[in-house]
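After this come two complexes, each holding chain A, first together with chain B and then together with chain C.
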Partner chain A sequence: MSRLRIENLQKTFPDGTRAVKGSNLCIDAGEFVVLLGPSGCGKTTTLRMIAGLETPSGGRIELADQDVTHLRPAQRDVGFVFQFYALYPHLSARENIAFPLRAAGVPSHQREAAVNRVADRLAIKHLLESRPSQLSGGDQQRVSLGRAMIRTPSIYLMDEPLGTLDSGLRLDMREFIRSQQLELKVTTIYVTHDQEEAMSLADRIVVMDQGAIMQTGSPASVYDHPANLFVAQFVGSPGMNLIAGCIQQNGRPSFRPHRSDACIPCPAVTTAGDATLGIRPEFLRLDPQGPLSGKVAMSEYMGSVTFLHIDVSFGRLVVRADPNEMLRPGDSVRVNYSAPHARIFDAAGDAL
Partner chain B sequence: MATGQQSSDGLMKWGLVAPALLLLIGLNIFPLAYNIRLSFTKATLTQAPADHEAVGGRNYARIFKADESNRYAAALRTTARFVLMAVSIELLLGYLLALSLKPRFPGKSVVLLVFLIPMMLSPAVMALFWNLIYDEEFGVLNQALRFVGFASVPGWKTDTAVKFYTILMIDVWMWTPFMMLISMAALNAIPDYIYEAAEIDRARRWTVFRRITLPMSAPLLILAALLRTTDALKQFDYVMAITGPNDPATETLSTLMYQVMFRNFKVGLGSAYAIVVLVIVIAVATLFIRYLDRLREQEHAL
Partner chain C sequence: MKHARWLVIAPYFLLTILPLAWIFLTSIKVQEDTNSRTVKFIPSLAKEIPDDSRRFTVSPDAYTRLEEKHTGVEYGFYRYLANSVIIGFISTLASVTLGTCCAYGFSRFKIPGARDWLFFILSTRFLPPLAVVMPILLMYRQFDLQNTHLGLIILYTSFNLSLSIWLMKGFIDEIPRAYEEAALVDGYSRWHAFVRIILPHARTGIAVTAVFCLISAWNEYGFAMTLNQQQAVTVPVYFAGLQGNISGIPWPQVAAGIIVFVAPVMVFTVLVRKHLLRGVTFGTVKQ
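What follows is the complex of A and B.
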């Protein structure tokens, strides 16, 4: 049984912006799905339409096999975690978490018990009497999670919940959200522009750009087999190296980058003509016998790994190298690559 | 050299403060001190200061005399009743108007403009206009009432039981827009996402109003009520226009003071009364300032 089904969902704002241009998506019970994309890609609008905070301009939303397209948020069984927490500033953390129960008319002793249970789980028992303004961003987001959890809705919707936290806290909270989700097995849709966050949290990633879904799949499949150039570039940090050129079929396919005489091996494809070859930095390596020669332009030391930016005749490549590799800008190097890991995109930008 | 610098700095400071200080002393402190002195005399407006006859606390004794016919106490009661009724009616009406004007609708700005006009007009001029409207024979109000079929029409300005409310209605007409404006600001200051969160939390409209809208707009409402209280305490214009001073049914602190000082020329007694009024105003102002401080503290906590 699918928990959520979206059919041809569209949203055009009064100013004419087409935020969502007909999305289709099916989410199973217990799945953790991340909507990933740059700002303005329509991911938040999609989430808000699922919550009922935004009215779709077209299409259909089904929650637990029930058409909810035109129901108010209160009539859908959803929990929503806002990017800026949206806690009630005049209420204590305790009252904030208890608010959904109070709204439902649950008697006070039951409310108390439920709040304590949730607070235990979120490790915020000592903060319950504080006002939101007295709490750190991370703690405010915990309270906001608590408010969403107390009612056990059938689906959790999270709108960049960690977007405003600093990086250390973000990692902690990310881990926390993931462990909660694994334990409680609630269906979750999570919006973020941070591809690393998406990879680490998701069962399934939905990559969006300009109001359209670009690709849907497991983190590994999105990373290894990007459906198009946008996904190739957006997912991964740094993104895939993309080389524009053309495929030649002389017996076996080879790839010739534009503005270059170099001919590099290419995975087995049957087409010829203009194409883009994509290769991840980890499948390029420094090799004195490599077919590509270039000069180091920049070196990014990341601790466990160094990313070398190397200028070759047809552009710049990012190569993952051993952090012990002591290369300076201007040094000449040769680069080899693993052809089976290369991806080919056709002239329209779609993966072959 | 350092001391030279310091003393010239000191001179500079005093030089900068002096004009304001002189104004303060000349226009506030001296008159207040003189007023206190006058309040212990039997001075009249026509006497030279040398002839003021000291009477000790007799003026104050007269003001505080426990007596049914004590008009000073009566004016205080009338003013208190006026402030209480005016401020609460205006606050309630203003808030209700602001709530009902919250949703967007076509022509909203025109409606708002119409509602805000009374507030923009001069109270004294409006009082005179209302005087015409309320006229028993020729006033628009009674003509309208007769037209729709009322056989007997109220004596708005003469009926002892009605006069007070006549004046109250002018104040409500004039200042409800102010309360509406502040209420609208208070309501607009509540961010949309709070309502979205409440909607997600499945709060009913009444719960949203009672648990969110009302408590979150209350601080500004209280501020507005305090402002209006200090203002209504000074009620003078409408009373002067509708009944004139010296009418026991509508006599307020200000009109009584005017009557004693400038019609009866009893400057000594008037001064004593002014001091009593000052104490009342200081008490209200203190409440006001305390509340502002508390608001600031809360904002610090935010």
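What follows is the complex of A and C.
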């Protein structure tokens, strides 16, 4: 299948907003790539430029080794799934799914066959005669997936397709989309602001913020080795604990948080000076012998795990704890941490 | 509160329905009954009715004799009705078609100075149309457009275009862009997306706009009278022409003509009244 290459892609809207500030991205055939970022980070604009619904202000888009930067959407051979489904309300589900084939002039008996095949795959055969307004959100999104799937385009573009669904349905549809993609092996770009969704779906995550790509990598590498403070905070729920301080090099490097005398061991780095230490909640643990002392401020019981918010001398830390831990706000605790899992970010916020 | 509103509705209803009712009663009278000494307003099937009775004999004469030529005018009623239909419908078709295309452009594309253009278009309605009757008369004389159907069609189209653009823009703005975008991605050209997606969704808007355009062209009198003496005379001008009839105004026929003239527009308006309400509020009412 095809690959997508984006070079120095830019978009400035007429009101002066720089939505995308020169992105570079290469996507391999069959890859499932998720564009992840907060709203307004330019992920949807990027997707719309790839589809041809938005004209880039600069840069180049190549699909299957062909420059498509200035082609009309119809000439690009992409399948687009919209956040609000965008099913044509005046057509039945069947006609909606068949719509792209009518554009291509496929004869009606072949259209029928294709619609039935896709409907089988999506398990929506019994819904084919309904109008979109008679369908639930999940079913509407299935029909909309069907409309994108019927043509086997060279790339699927999905703009927060699950954003409007209830959380239970979301999980089902998430699994469903992933299984479909694995089976069909179609290159897919999926936009979301939900980092959990991104982690579970992606072969590769592209984290964006304020129109720029912050980091590209597998879910594990983005989670374990965030490239900068933004990614560290945005990816993971809750995000990384970030402690501002400075690194001291006297024999072994150690980290001293601002406004504190505590000195905590830190991974081997060669620099010194202002830095931020990041540590995931799962690498902090309650330990009577731990070097950090604090008071429980809040406890979030999640079922399989409890997140304790603990006030220490230099700020607040979120610690993942056993759900059986019966601690109340105000209780004194000591916290230990696993130094090799700490990440150090320099004064500019980039990972060392 | 529920009853109080009838205090407003009832008088208004009577005010609008009474003239129509009176015209209808006149249209089923014979000429003598329309200017008798006693006011006759109770229809009756009896043949012989005393002169001083409030009742009158119902007669279909006026309707069957609509085709009759009256002194002072050249043709029968239907000829003028045909003029009205030709001019009204073609100008409506033209203003709705042009208006829809313009509105689509204003709604979907970035047009330099779009706001100023839209204001300019609206501003063409600020003057009463008759204020420009003299220049238009001179222009039409120059271009030989007097006494032609085309002349009135062009005139009504241009007057209605501003209304049509503004109304249609309101309706098209409400159609989510995603529908078209889906069609564009699915392999349709902009034109096909417009025809296949926008037009079906804008049906209500088109119907509403058409009614407004048709009504204004249908009822227009001032220009129709000034620019026409014979060929393209419309029904309103024809009725006015009967006023100077030496043998007395043929009231039953005039009334019958009016009924035939307003009935189609009235029926249609009642049929689409739900959509009309949305039209006059410029799409500001959300269901």
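Heads up, the rule we're going with is that the second predicted complex is superposed on the first by the 350 of 352 C-alpha atoms of A that agree within 3 Å, B and C clash if a C-alpha of one lies under 4 Å from a C-alpha of the other, contacts with A are read in each partner's own complex, and residues count from 1 in each chain.
Everything that follows uses one rule, which is that a contact is a pair of C-beta atoms (placed from the backbone, for glycine too) under 8 Å apart; a residue touches a chain by one contact, two chains touch by 3 or more.
Model, not experiment: these values are computed from the prediction.
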| item | value |
| --- | --- |
| Fit-or-clash call for chain B and chain C when the two complexes are aligned on chain A | clash |
| Which superposed partner A:Ala86 touches (first chain B, second chain C, both, neither) | both |
| Partner chain(s) touched by A:Tyr223 [first = chain B, second = chain C, both, neither] | neither |
| Chain B versus chain C as contact partner of A:Arg131, first or second or both or neither | first |
| Touching partner for A:Ala74 - first (chain B), second (chain C), both, neither | both |
| Chain B versus chain C as contact partner of A:Tyr190, first or second or both or neither | neither |
| Which of chain B and chain C A:Phe283 touches, first, second, both or neither | neither |
| Touching partner for A:Phe255 - first (chain B), second (chain C), both, neither | neither |
| Touching both chain C and chain B, counted on chain A across the two superposed complexes | 51-53, 72-74, 78-80, 82, 84, 86, 88-90, 99-100, 103-104, 147, 151 |
| Contact footprint of chain A on chain C as seen in their complex | 110, 176, 178-179, 181-190, 192, 197, 200-201 |
| Chain B contact footprint on chain A (complex, rising order) | 51-53, 72-74, 78-80, 82, 84, 86-91, 99-100, 102-104, 131, 133-134, 147-148, 151 |
| Chain C-facing residues of chain A, complex | 14, 51-53, 72-74, 76, 78-80, 82, 84, 86, 88-90, 99-100, 103-104, 147, 151 |
| Residues on chain B engaged by chain A in the complex (per definition of touch) | 191, 193-194, 196-204, 207, 211-212, 215-216, 301-302 |
